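Two complexes are shown next, each including chain A; its partner changes from chain B in the first to chain C in the second.
Now for the complex of A and B:
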């Protein structure tokens, strides 16, 4: 299968600061990739480069296009919800549909209507009368009605309450995603997407810190809960992170045989959030 | 239960999720929530409801196919195989008799309980 995105030596500088420092990654079709990193890590810069919204150094191929030089072509093949997604406040819902129908050849009004019918939004409403959650629903209805192979979501559920957030991913998984489509998502709410992801990329200071399929993550990383008297033995096996939990110590290992570890205590599957903290901080007492 | 909206499926972190999904379906077959020949909810439906990536769901279903409990019908989805519940019950019974029953017997003997007392109790509860 051809990759949807291939980046080789991708770099981006702002003056002295390297927002992206020579990064390589590949994204295959039919994947849901989480791009996770602290503020200022380079996530949004990477997404912008991918969407042709910024110049960059290195090689970047998005579905056969150079995003910066062939942006107009590329825009027919990708969709994007920005963290600062804004619609004009005076716009009516029906006008938003008219507009996208007019500018995007891949847009299906019928699909958009289908998604809108599941919400409380009416066609006559102006954007300024919609709640924040409804604006996101409108965005999503429009974006999912555009038949493209790559959907980029930058903090799509920021500021939404838990019901809207759950519903957002339920709709994406139930009505949109299939093995021909690819989704790249960034979020700080890692715990709500961790089971959705097929691949995980951690980025920090413009560099990739981790890039694995979730299957590999499950193979490679394991947490071990150890009683105080066995801590030295656990430490000797080379944990990448450790912390105190309920009077016991929790060690996180990378690439250490589970068999060997299980003799010292209880094994657990680390959450993406815990893995993230470990990878960002390194070994800390 | 799988077919109902379940906001918190309570995955534990000691087993992979696909494995826990497999166990959920097995329980449903044993409890006859899913009967022989019944369709399993689609991968898409489970993925959306439980907020799981579809590959995880497929992996869980594949386990059931490999165990001969579920069959894939082209273009129609997954179905509980004829005799799946019987086979599961047989396994569960064997497991009980081999693993749990000896422990129960040992406990009965430790407590000095008589067979007669136990039967009386059993009949009393069934009435």
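Now for the complex of A and C:
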């Protein structure tokens, strides 16, 4: 299978600061990739480069297109939701459907109506009369009705309550995703998406800190909970991060044999959030 | 280009003032005119400056007994329903243009919907050109339709007025109306005006695409600054004259201005037969307009400004 996205030596500077520092990555079809990083790490810059919204250095190929030069063409093949509440407030729901149907060759009105029927949104409403959650539902209904192979979601659930957030990802996973499509998602609410991700990319200070499939992550990283008296032995095995929890120490290891570790205490699968903290602090140290 | 009609529709959805504002003004005009005229029906009095002093006369009596007054009324009934709305709605259009264009590439950035529009497969050139087409074609077309509706409304009021004083509406009102030449002349005037103003439109769009806030100020302050600077440094006002010429000279360029007075005199003299059609037809001067270097130079400047606006929408990424 050809890669959906291939980046080689991707860089972007804003004056002195390097928003992206010579990064390489490949995204295969049929994956759901979480792009995770602290604020200002370069996530949004990377997505903007992917979507042809910003100039960059290096090579970037998105489904055979140079996103910067062939932006309008690329937009026939890619959909994105860049933030919540980005639909213009004056737009009526029916106008939104009419317009997208008019300009997008891949849009299915029928599918959009199908998704909208599941919500409380009526056709006559203007975006300004919809709640934040409903605006996202509308945007998602439109985007999911566009038959493309790459969907980019940049903080799609920011500012939504937990019910909408859960429903959002359930809808994406249940009604949209299949092995022909690829989704790239950034969010601060990592714990909400970790069960749907197939791949994980951590980015910090413009560099990729981690780039693994979730299967590999489960293989490679392990958490070990040890009693205080065995801490030195645990430390000797080369933990990448440690912290205290309920009077015990929790160590995180990368690529250390589980058998060896299990003799020292209880093994756990680290959450993405814990792995993220470990990786980010490791980089800072 | 399949997207283009949808982009034009989008402009009308977003900027409803494009048709609401003219509609309000034409309704006011027709309403006030109808009220004013019909209150001068049978028995109604009008104040007229006469040679033998100021006096109140009965309009009905005047029309029936004074051939000249009757002729003047026929003349007015034929021309004014086109001319008065045209002057009013054209003035309204200047404001509509200014506010529409200064907002045209600013509003979508202000409400942050620009990324939604950019997520659709429509390139920036097409989008910006749809806004140019809205200013050059759609807004004047709305004005034209508005003038025609107002003309119909005023003529309807005139017809009812003729009936109330037992006159033949055909003879008094309709027989003299320039049904073809007035709309044709107006269409010509609106078309040449749009082309003439094209560099102004381009400038307003460039300011709109450029400004991070207050696009109307960005539209007005730089020209004002240049004019002041020129005055201070060179003690001249060529720039101001250039702008003034652009804003005021479409009529002298596209119409035979030396003939306007002659035409008016002619109309005054011919008491029996009024030919609005001829009067309108003799005024337009497309040859002079099309051979005016200022017109073509303006289009080139407009193209440069519009290209700048497209460039800004395409390449300036704001975070």
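Annotations
Please note the rule applied: the second predicted complex is superposed on the first by the 280 of 285 C-alpha atoms of A that agree within 3 Å, B and C clash if a C-alpha of one lies under 4 Å from a C-alpha of the other, contacts with A are read in each partner's own complex, and residues count from 1 in each chain.
Basically, a residue touches a chain if its C-beta (ideal position, glycine included) is under 8 Å from a C-beta of that chain, and two chains touch if they have at least 3 such contacts.
Just so we're clear, the structure is a prediction, and the values are computed from it rather than from any experiment.
When the shared chain is aligned, chain C comes close enough to touch A:71, but chain B does not. Of the two partner chains, neither chain B nor chain C is touched by A:219.
Look at A:95: by the touch rule set out above, it reaches chain C but stays clear of chain B. When the two structures are aligned on the shared chain, A:82 is found in touch with chain C, with no touch to chain B.
In the superposed model, more residues of chain A are touched by C than by the other of chain B and chain C.
With both structures placed on the common chain, the touch criterion links A:32 to chain B but leaves chain C unconnected.
By the touch criterion defined above, A:196 lies against chain B but remains apart from chain C after alignment on the C-alpha atoms of chain A. In the superposition on chain A, A:54 makes contact with chain C only, while chain B stays out of contact range. In the superposition on chain A, A:166 makes contact with chain B only, not with chain C. When the two structures are aligned on the shared chain, A:103 is found in touch with chain C, with no touch to chain B.
Shared interface residues of chain A (contacting chain B in one complex, chain C in the other): none.
Considering their complex, residues 7, 11, 13-17, 44-45, 47-56 of chain B touch chain A. By the touch criterion given at the top, residues 44, 48, 51, 53-55, 71-73, 75-76, 79-83, 85-92, 95, 98-100, 102-105, 139 of chain A touch chain C in their complex. If you check the complex, the residues on chain C that touch chain A are 2-3, 5-7, 9-10, 13-14, 108, 111-113, 115-116, 118-123, 315, 317, 319. Interface residues of chain A, counted against chain B in their complex, comprise 32, 166, 169-171, 173-175, 177, 179, 192-193, 195-198, 214, 218, 223, 266-271.
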